[in-house]
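Pasting the structures here.
Look for chain A in each of the two complexes below; its partner is chain B in the first and chain C in the second.
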Partner chain A sequence: MNGKSLRKTGTILMFVTPGLLIVVVFILMPLLMSLFNSMFNWNQLIRAEFVGLENIKKLFNTYPYKERFFNALGNNLRWFVLTMAIQNTLGLLFGYLMARRILGHEFFKRVFFLPVLFSIVAVGFLWGLYLRPNGLLNAALAAVGRTDLQHAWLGEARYATLSIIMVNIWRWIGFPSLVFLAAIDSIGQEYLEAAYLDGAGEWQVFWKIVFPLIIPAITVITVLTIIGSLNVFEQVYTMAGLDGAPNYATDTIGTLFYRTAFGSVDSGSPEIGIGSAISVVIYLMTFFFSLFSIIFTRSKEVEL
Partner chain B sequence: MITDFQLRNASTLKKIILLICLVVMLIYVILILYPLFNMVVSSFKTTRQILQHPFSLPETVSFANYKTLWVDKGFANYFINSIIITVSAMVFVVIFGSMASFGISRYSFKANTLVYMLFLSGIMLPLKAAIIPLFLIIKKLALVNTRLSCIFIFIAMGIPSTVFILAGFMKMIPKDIEYAARIDGCSDFRIYAQIFMPLCASSIALVTIYNAVPIWNDFFFPLVFLQSEKFKTLPVGLSSFFGQNSTNWGLLFTGLSIAIVPMVVMYLFMSKYFIRGMIAGAIK
Partner chain C sequence: MKKRMTLVAVMLLVISLVGLFAAGSAEQKTAKTEIQFWTWRPEDVDFYNSVIADFEKANPDIKVVQNAIRNTEYNTVLAASLSGGSGPDIFQTRAYGGLLTFSDSGYLENIEKWYPAVTNFPEAALGGAKDSKGNIWGVPVIGQTQLVYYNKAMYDAYGLKVPATWNEFLNNCKVLKNKGVTPIANGSKEGWIVETMLGSVGATFYGGNDFFNEVVAGKTTFEDPRFIRAIEKLGELKPYLPPMYTGVAYTDMQAAFFNEMAGHFLGGSYEASYFKSQNPDLDFDIFAMPGEKATDPRYVSVYADMNWSLNAASTKKEAAAKFLAFLASTEVANRFIKDLGNVAWAPGADASSSPFIQKVLELQKTSTPYIFLVGFRYQQPTGSALFQSAGQGFFAGELSAAEVASNVQRGIATYYEPFQK
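What follows is the complex of A and B.
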């Protein structure tokens, strides 16, 4: 290497190293270590013998891990399905209406985005209070004479997860709304105008023109929903507690993972081997489901 | 414009559908604003008043609850910790992130794509799931129960998206500017600090909001690493406060108001920036 290129290398290193070092130490290394740790038996914080895929097998096959894991995974699936069906569908509707400058669209835009900025913890505790048996929601139901609809929203297994998901949707609708709004705004107005002048109906304009052109935004929102649904933690922690009360009805992989890593499943001491196995499963699912949805939606993408 | 949804001139069916849509949007507006209003109102009421008359206004407006929380329950301290951690993390996210973006976008070198990919791999994968090894690393560095633990983690979490947004922006700045500066004898670092940074000001504002809001709100990492009362941030402080005072509704609503109202006030003044900043990572 001559002096000039040596200096160039030095300059590049100077710019890139500090950031890269921190990202490597605090993100990439822990990720790889999870994979590594999952292949060992652990004695509290001490690594014991190599067991290969035993921990993952144990997670899938042995009591109580198996029951807890699939119960939690089922709830994560409900999170994903309901979030896609309610939050992202409403987000698309609201985004489209605002992009078409419906009456009061500037006002709606600002109000819808407000809860997105609140901490999940504050939102969880706030709605946790409102959803108590003697809280605001039941009081409102009593006020309109429907005491028959009152429930211990977070105390009954049937409603607990659903209530927590609805609270999260309450906080988050504004996000997909504004992402879709931005995506639709970036389609040239002339395409919509041309379609109208050619006599296309509303339904056709949306499904034939707008929808195909915002598929990249739909991909982004879907991937973010997959990541979000697999990592639910704070919402359950604040409204139902770490154990996913009542009787694990609200348990998710996030809370199960936390108990395994720091508290434990039904016993008391941290289980690093199983915990790492759960995190590997989380990573693999995040990666493959995201990849799958990207490939799936990309096949529907169109270009002008 | 022809593409605007307008009630005038619309067919009856279209009018009805648009009205239904408007009603749905208004219901969501009420569902957002009323609970916030009720929260602030309840913070001035006693537990008895809240439970017996949940919809009534307070009889007197006394800030006693706020004083109790701010002074006796340590919320002032939580607030200061949140500010220290968020500001320190953001300063380094912006400095290291923009330096890395400059290095990646303005120099061509063999490992360029690899380095960029290393940065980006941090965006999608949730760090929460790696908490066990992260805990062991932080322990080894003797940072458990120090603010530095969370500051380091937040810097690491902020840099990938910063590089993604800023490197994209810096790539579009014409080479001529750089050449001209170099002929005038500018060093590489001065080109970065005095020419590129000012040019990127608007993008830097975006990444600041994009990262600062989630860092300010983050619960998981302070929960794990800041167990001592002295270092707790606002979300963690709020959580332990809820654990200890679960029956004093007036105080609970006061705690929530302290956590939520400052964000509402800031949003009132800078809603445009918050919206653009928060969705910056999702749109190109």
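What follows is the complex of A and C.
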């Protein structure tokens, strides 16, 4: 290696090292540490003997870990399905309408995005107040004479997770709307004009031209929704607490992980081995589901 | 290039050495031992500051640095710093299972060695500071009692009397409801509230210590008819809880009671000073829940709530032990009673400054351990976690009392040896 290429390598290293260090220290190391920790028995906070995959086996096979894990995972699935079905579909509709420059589109663009900027803790806290039995929502229902529709939104197993998901959609819908708006705006006007001249209707233009061309944006939003749905934590923590109340109805693998690994002040001591096993499973699922959806949607992409 | 690197390295070395010496000389000048003191009570920072000021006046060679961490994050922060080999010299620890998390990990000093007088504390208090071998890992600070609060002004206004039987209690609730007042403030949105309701109401019906001792020994199970009956009794309260009570949170309950919108509050002795601070005019009193017959013993559930512990890795144990002895003194216990309205354990503590605490101590004469915290909060799934979630299902009408009992029994039996025989 001559001096010049050595210097070049040095320069490249100089730029790469800070980022690499951050990734290694804050992402890779904790990941490997959880993997490592999940392979040991723990005596309270002290690592005891090596047990291999025993903790993961326990998580999937024994009561109550198995029941808690699959119950929580089921709720994560609800998060994913409802977010895709409601938030992303509405986001696409809003994005499309704004791209069609409906009246007040500049206003809506800002209003929809505003809640995205709010702190998640503040949103959780405020909506927690609105959804109380004597909160804003029930008061509004009473004002229109529909007391029969009043519920303890966060206290009934049937509505608790649904309510939190709806709040999250309210907070986050501006994001997919804006991504879809940008994607649709980037489609050349000439394609759309050509289609209209050929007599295509609004519906056909959307499905035959716009939709195939914004698949990359849909991929991004889908992957983010998968990651977001598997990592749900703050929303539930701020509105329903760590214990998945009521009766595990709002539990997600995020809250289950936290409660298991760190313990909960009001109900129990930490189990670091099992907690680490849960975190490894969360990581693997996020990785594979994201990979799968990228491959799946990429195969649907079209080039102009 | 190489030369420059060497120069930089030498300069760094010099700078760090200078820093070291500077720190050393500063320490010599003051010659004070600085100890770190952690609590989970940001609410009580002023209280501890005044305690520390008194201690420092008597011990001018020791400086105590207080650090208050939010209750919900305290365990995590403490665990992280202790397992990293650092952490405070003296700190608050939880009682029962929450203490053993740290003592079993070897992070705590055996407290008897540093404060032998700890053995003079009442047995109920030491129960929260001992491990199964009888080692004591903390000096007990305060105790809590789960009981029934009632609004005295409302009782007077509607001509009600402190109930002597369960039916009289339900009848009082009925009267309040007819007057448009929420009879009982409690809701079940938070699981731990459901557990406190068992502590205030259930103990009288499962029969207090007899059942507690039998179930701990494995002579009976949670599917015992006595325990199922206690849960059923909680169910009889449903008509008198606030509308949509499954969504009513702790802070809503407190507000309903201190704003005089609810007649009763089932909860712990720790509420009283908060009620008073929020509404100084609130006229309330307490009683223990009566049973079916006026002659049935009325139990309150009691537990130790907080300990002072020493860090096994501390390099300043002598100084920390001095502060520990001060915190454990009758003098500080009296301030816990007077300033914080807490029932302090220290022997010789004088409750005469607080009629409320005197009343609590009176009710404690018929007391039983707060069942899941004292007996079954050592391993996962804890009795508390099981009862709290199943109890929410019960209040929502999804589970029967027998199903709650069998959920609790099944969960605890996964690890509790007396249940596996």
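Keep in mind that, in the parts below, the second predicted complex is superposed on the first by the 298 of 304 C-alpha atoms of A that agree within 3 Å, B and C clash if a C-alpha of one lies under 4 Å from a C-alpha of the other, contacts with A are read in each partner's own complex, and residues count from 1 in each chain.
Keep this in mind: a residue touches a chain if its C-beta (ideal position, glycine included) is under 8 Å from a C-beta of that chain, and two chains touch if they have at least 3 such contacts.
The shown structure was predicted, so the numbers you read here are calculated from the model rather than taken from an experiment.
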Broader residue contact with chain A after superposition on the shared chain, chain B or chain C: B
Touched partner set for A:Y248, first chain B, second chain C, both or neither: second
First (chain B), second (chain C), both or neither touched by A:W153: second
Which of chain B and chain C A:L291 touches, first, second, both or neither: neither
Which superposed partner A:L77 touches (first chain B, second chain C, both, neither): neither
Partner chain in contact with A:L230 - chain B first, chain C second, else both or neither: first
First, second, both or neither for A:L45, with chain B first and chain C second: both
Overlap of chain C and chain B interfaces on chain A (superposed complexes): 45, 134, 262
Complex contacts: residues of chain A adjacent to chain B: 8-9, 11-12, 14-16, 18-20, 22-31, 33-34, 37, 45, 90, 93-94, 97, 100-104, 108-122, 125-127, 129-130, 134-136, 139, 143, 170, 173, 175, 178-179, 182-183, 186, 189, 192-193, 196-197, 202, 217, 220-221, 223-224, 227, 230-231, 233-234, 237-238, 254, 257-258, 261-262, 272, 275-276, 278-279, 282-283, 286-287, 290
Chain A contact footprint on chain C (complex, rising order): 71-72, 74-76, 79, 82-83, 94, 97-98, 100-102, 104-107, 187-192, 195, 242-249, 252, 377-382, 384-385, 388-390, 392-393, 396, 398-399, 410-411, 414
In the complex with chain A, residue positions of chain B that touch it: 1-7, 14, 18, 21-22, 24-25, 28-29, 31-33, 35, 38-39, 51, 54-55, 95-97, 99-100, 102-104, 107, 109, 115, 118-119, 121-122, 124-137, 152-153, 155-157, 159-160, 163, 188-189, 192, 213, 216-220, 224, 234-235, 238-239, 242, 249, 252-253, 255-256, 259-260, 263-264, 267, 271, 274-275, 278-279, 282-283
Touch list for chain A against partner chain C, complex: 43-46, 62-64, 128, 131-134, 138, 150-157, 241, 243-248, 260, 262-271, 274
